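Labels run A, B, C, D, E and F following the written order; every chain starts at residue 1.
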Amino acid sequence: MFPQIIGATLLCFAPSVFATDTTPLNTGNTAWILTATALVLFMTLPGLALFYGGLVRSKNVLSILVQCFAIASLISLLWLVGFYSLAFSDGGNLQNWLGGSGRIFMAGLTKDSMTGDIPEVVFAAFQMTFAIITPALIIGAFAERMKFAAVLIFSALWTLAVYVPVAHWVWGGGYFFQNGLIDFAGGTVVHITAGVAALVCALVLGQRNGFGKVAMPPHNLTMTITGAGMLWVGWYGFNGGSALAANGSAGMALFVTHIAASAGALAWMACEWIKFGKPSGLGIVTGVIAGLGTITGAAGVVGPAGALVIGLMAGVICFFMTQLIKKTLQIDDSLDVFPVHGVGGILGTFLAGIFCSPDLGIFSGFGYAGEHTSIASQLGIQVMGIVVIGLYTAVLTWVLLKVTALLTSGLRVSADAEREGLDLVAHEERGYDIK
Amino acid sequence: MKMVSAVIKPFKLDEVREALSEIGVTGLTVTEVKGFGRQKGHTELYRGAEYVVDFVPKVRLDLAVKEADVDRVLEVICRAAGTGKIGDGKIFVTDLLQVVRIRTGETNESAI
Amino acid sequence: MFPQIIGATLLCFAPSVFATDTTPLNTGNTAWILTATALVLFMTLPGLALFYGGLVRSKNVLSILVQCFAIASLISLLWLVGFYSLAFSDGGNLQNWLGGSGRIFMAGLTKDSMTGDIPEVVFAAFQMTFAIITPALIIGAFAERMKFAAVLIFSALWTLAVYVPVAHWVWGGGYFFQNGLIDFAGGTVVHITAGVAALVCALVLGQRNGFGKVAMPPHNLTMTITGAGMLWVGWYGFNGGSALAANGSAGMALFVTHIAASAGALAWMACEWIKFGKPSGLGIVTGVIAGLGTITGAAGVVGPAGALVIGLMAGVICFFMTQLIKKTLQIDDSLDVFPVHGVGGILGTFLAGIFCSPDLGIFSGFGYAGEHTSIASQLGIQVMGIVVIGLYTAVLTWVLLKVTALLTSGLRVSADAEREGLDLVAHEERGYDIK
Amino acid sequence: MFPQIIGATLLCFAPSVFATDTTPLNTGNTAWILTATALVLFMTLPGLALFYGGLVRSKNVLSILVQCFAIASLISLLWLVGFYSLAFSDGGNLQNWLGGSGRIFMAGLTKDSMTGDIPEVVFAAFQMTFAIITPALIIGAFAERMKFAAVLIFSALWTLAVYVPVAHWVWGGGYFFQNGLIDFAGGTVVHITAGVAALVCALVLGQRNGFGKVAMPPHNLTMTITGAGMLWVGWYGFNGGSALAANGSAGMALFVTHIAASAGALAWMACEWIKFGKPSGLGIVTGVIAGLGTITGAAGVVGPAGALVIGLMAGVICFFMTQLIKKTLQIDDSLDVFPVHGVGGILGTFLAGIFCSPDLGIFSGFGYAGEHTSIASQLGIQVMGIVVIGLYTAVLTWVLLKVTALLTSGLRVSADAEREGLDLVAHEERGYDIK
Amino acid sequence: MKMVSAVIKPFKLDEVREALSEIGVTGLTVTEVKGFGRQKGHTELYRGAEYVVDFVPKVRLDLAVKEADVDRVLEVICRAAGTGKIGDGKIFVTDLLQVVRIRTGETNESAI
Amino acid sequence: MKMVSAVIKPFKLDEVREALSEIGVTGLTVTEVKGFGRQKGHTELYRGAEYVVDFVPKVRLDLAVKEADVDRVLEVICRAAGTGKIGDGKIFVTDLLQVVRIRTGETNESAI
């Protein structure tokens, strides 16, 4: 039993159980989830778009923005068509592995359908914004070199084959949900899947031409930092909204989220100050994102002091992982999606299993999940979740990239096009014409 | 007539322009350029990826001057643009065959 | 009867009926409308300002931003002075055509005055943000060439003579309200009025110097796309908030809004891909806005599948109308306000009359309005609303432009000033000084 | 007694009194304060960061953004460690002057701890965002020349020694709270402290090299105006949220806030139009901020017409004070923090004492505070608050700057570093690389 | 061969380029520059702080031309770039010793 | 002394600079320019409005070189800047009468 993440728990049988419509509407909770839905959309549009867009060279900035908007639009329509149904409606015999077809094209969804004490349509919209941001996170891995058509096809396939089932396993009443995996707001569902997929994408696509030789500095850090601020603010909705209520649980999720972000920022800043002699703005905001990504899975179950530790560890570990992936291993995960989101997601899912414990004194959290009654047993399922979801994501991502490559005769644009920049080549427009 | 082209430090631009005005120079054209020379550039670090920027921002002044004024102009630029530190820049003098003022069609010395 | 747009319905007798203050406060609904008010302000400041600002040349970017802020400030004060009263207080004998004077300078408005179950001051503030964005939308038509004083005078006159009465007719208890016109969140009140006014402005002002000959590319598409993201997010408050409650109606309005935006984006993208060979970022976000503007009138009354059709049609039709106005007719409606907002508003108002029908199977909506009981009868009033409001707006806009021209000795700046750019000429400052 | 600012009143005994947890949770109020917390964070990140960042030269833009993010992170962690406790927990015998140690490291704070009818953790997070923005406001005074380490140390010390006690005096149950000082949302606590500190910083640090001789135009006014829009929107949460409820008081606070912002904008615009011949975009948004800063202390206690007067006065007086400080006195308060925020805070605190009066006809407010029953008596405590808090802030700021200077061997970077720009010198990165 | 360098008003660039194309000029190089001369700059005001910007945006064209074409080129530029108002700009002619087309290694007149 | 001005493709800048360093060139000045020539520009489309951009981004290098080094410098630039595709650019050589190093006042060959 883990009443403390009752919000997340509620998700599980949502349409099926609550189709009875007996719980009366709570307008306060509904107001907060409507708001949270806006906040999470804001994270992608324009938050993530700007965060990523500023990091590429100016000849590719629009390609990033376009991809974020196009993915958002595409996944939204697919969500309506059937993804929501497959993730969150009752899967019957297959419930452990996939949802059902009951909500295909939102069949039977009225204004009165409820999920807990909020309208189901609000729940469906809120969840949609998570389904949007996850594939959008991945584009950082293949930035500046992938064909636009390939991006769209891959994103649609990936969301169907990876995001939707994993969301079902963890939140939709599936296997991991049944077995008490703690993932309050997407440490596994969002960050591990996106991070691992990014790593596979980077390996399959290969480095950008000139990687390591030619300077590829961010073209507009003011844009990136602006996006980081929006992500931070929007994350209040991401984690705070995952309580599916406007109560102490939402407040605590919001507060620990903020603390982890702050701690991640200062930890990354300290690493740079010590190692390079100067702390950078990009470093600080990357620490913010690392802290946010890491606390996501743990948000509703850990206390403020636990969040502080989680945030500090996120800053330090993601910092070193970024160095490792990029400099040591020479993997061109262009915008460092794996070392920040993937590693953060893994770390946070793991640490959630520790800091949820109510027996850590000042570092205590709000209790174990499901049948778990000790850190060891909780960590068991956490590690299993990390490994299974990580591996599943890796394999599927690889397969889907190969399929996409077939459909679009290769994933990458030509070397000439890459040099010219995707904005002109793929979209026939330029980001800036400032005189 | 000569064309005097001076590459100087950007923050010296106003000083140099004023010094030139004082000796009667009434026109010049300025270009933002990047210089490569003894003066070192800087390093930028982005998530640990290091970019060495070899080029230093400079400003280039082009002035068409009458034969007679060349020396004075060189001297004034040297004085006003100098800081004594590496990277102060260089002045290049080339021959100028013809000058035309587009508005009036005047040519040569009267067009400067 | 159309209980499904009860939110909009409530608006009507607001101050008068609910001045009795008997309905108890609902904090959840109030929380959502406070939030929605912030979201709608965000649409204009900085959303629309950025969306438009990025589309002009860099020498005029500040003029756009300034106009948005100055209009917002001016209309807000006028709202307090009397516009709110004229739009939403009881008009007595004239109720069919205009509100009354009861709320001039917000007389008698206390913290306890109620509109339904939310404080009237919250309702007044929410409506104010709609009154702000409508004249701000129009500036896209005369961008880069109108005198600043003329912009201010015209905006004030226009809001008084067009927006305020139309808002009263449709939402404030006036003629169209009485006769069951469906306009959930401003398809007629906001988008048709702004769009038609824009067309008239473009015709009266004439083309920018060099239109069609000189390149006038957007100076900063990253700014435009950022603004589009903000508009999308803010529109959750625009349409979702128009339910005046945090309930299933608000949730459904939000969700169908999102679906229409996504469908508009993909439809516009497809049009460009097919017709030009490449989809552009500007195209995608224009499709988003077309979808949003089109769903606005229909938001609370159509279902998700209906919204999908509406969004797809919006993308395609607004795309071709943009080509028609700009390329075929050579009308310099500079930022395409009429083909996007005007056409979208007309289309959405029309389609609301169809997709509100509860008898369209999967495409069903939530019922007719007022006394209407069939698509045909509902379409009757919808078409009448479009025609009457469109014509009224066109005539009044023309007259007010002539009046303004007299007051400011001409509407346009000189040709030299136009070449120099409005930022320096009108505001003595420059947008960028980046070294 | 001043029930009208019951919100603010509630703050006072918060943790102590309400630790009894007997008031049931109000989800509507909680939803609004969660939202308001996001809005106030948004004011700093990225609102204020952009507003300030656009005003400096492009070689220093990142230094501003970095400082905003680093201060936010640092103060957040310190808030957790003890600042919240010192400001808002029961101070026992010292209650008049400082809070207690009961909430150090948020000890004893559970999801069920309540402050009034919202979770205490929500209250603590909301207040944290105020503690973040106050030191962030000050950086405008020493922009483009202060060492990064000095900024961090000074901000931490200043928040501890100035913000925390002043917040306790005014909101946490301390002396001014007991004596009926009206400060609804931070006229004294935020704006006077930040403004006065800015003036002292400018005097101690001295002018930027070349001040008054070399052109130092804003490098990106589109960024500044974007930030201003975000500040305006976020201020709805700042002032509206300070009601700590989603009710008519919050609505009224939001509405008068909006009116004062609009009036400030138009007043400043008029001043420029008359004095310089042209109104500028920077002027208009500065008027917005002046109006917002000025109404802050008065938001919940004045009516719309009072707010109009306050906003107009804010625009005019802050305009002339900016001229005085910068041009006449040649003080390089680089981004005009004192004349806008400091003067606005003083003015608003003073005018709150007048326009709270219920006896001013159309300009009436919602009543005096504490035991006060006349404008004269209310003004007594208002003036005392202004003087005491202003002087306390001035002296402490001076001392802390001297202490910081010792710790960092001087507050300023070298003249060469100042010419090179802080972005490269302090952070080894550049804001823009646009090709 | 001569190098013709013309400093003109930016909004005249397209017109000049087209006029030059019409007389057979197939290549030129354009630089954005700032000019200082008789034409006055402008003033900017930020919260009352006044900045006088002395420099005026200009565009500089560089064309390598054959000896024989110089006069025609000058005439065409004068015509196309002229507005009759102060600040129309100037044309400078210098001697060009050698031209190389990088792609082919062709030199001099055939490389222009 | 000669002034060698080369207009090349921007992405070749680093290669060319390195190749020049190798043969002892220690200074040069770089300007971002736009070229018009045989190499075609591109088209941009904004809501269906088509803008043909005739100009191609190029980079211009200016190097003052000693008489003796001119040929080697030309050769190195040709080699390092060449891709064999249209638009590789051109090199122009003009006579340089005088060079001054501002910092020291040194002139001519010792100032290069």
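The criterion applied here is as follows: contacts are C-beta pairs under 8 Å (C-beta built on N, C-alpha and C of every residue); 3 or more make two chains touch, one makes a residue touch a chain.
Note that the coordinates shown come from a computational prediction; the quantities given were computed from them, not determined experimentally.
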item: Set of chains adjacent to subunit B and to subunit C; value: A, D, E, F
item: E-F or D-E - the one linked by more C-beta pairs in contact; value: E-F
item: Cα-centroid distance, subunit C relative to subunit E, in whole angstrom; value: 47
item: Whole-Å gap separating subunit B and subunit F, where each centre is the average of the chain's CA atoms; value: 18
item: Where subunit A touches two or more other chains, by residue; value: 26-29, 31-32, 35, 217-218, 220, 246, 276, 278, 280, 282, 428-432, 434-435
item: For subunit E, residues that touch 2 or more chains besides their own; value: 31, 44-46, 94-95
item: Subunit F - residues contacting subunit B, complex; value: 3, 17, 26-31, 64, 94-103, 105, 111
item: Touching residues on subunit D, where the partner in the complex is subunit C; value: 4, 26-29, 31-32, 35, 39, 57-59, 217-222, 225-226, 228-230, 232-233, 236-237, 240, 245-252, 254-255, 258-259, 261-263, 265-266, 269, 276, 278-282, 284-285, 288, 303-305, 308, 362, 366, 431-432, 434
item: Contact footprint of subunit B on subunit A as seen in their complex; value: 215-218, 272, 276, 278, 280, 282-283, 286, 322-323, 326-327, 336
item: Subunit C residues touching subunit E - in the complex, by the definition given at the top; value: 214, 419, 424, 428-430
item: Interfacial residue positions of subunit B with respect to subunit F in the complex; value: 2, 6-8, 31-38, 54-55, 58, 60, 74, 77-78, 81-95
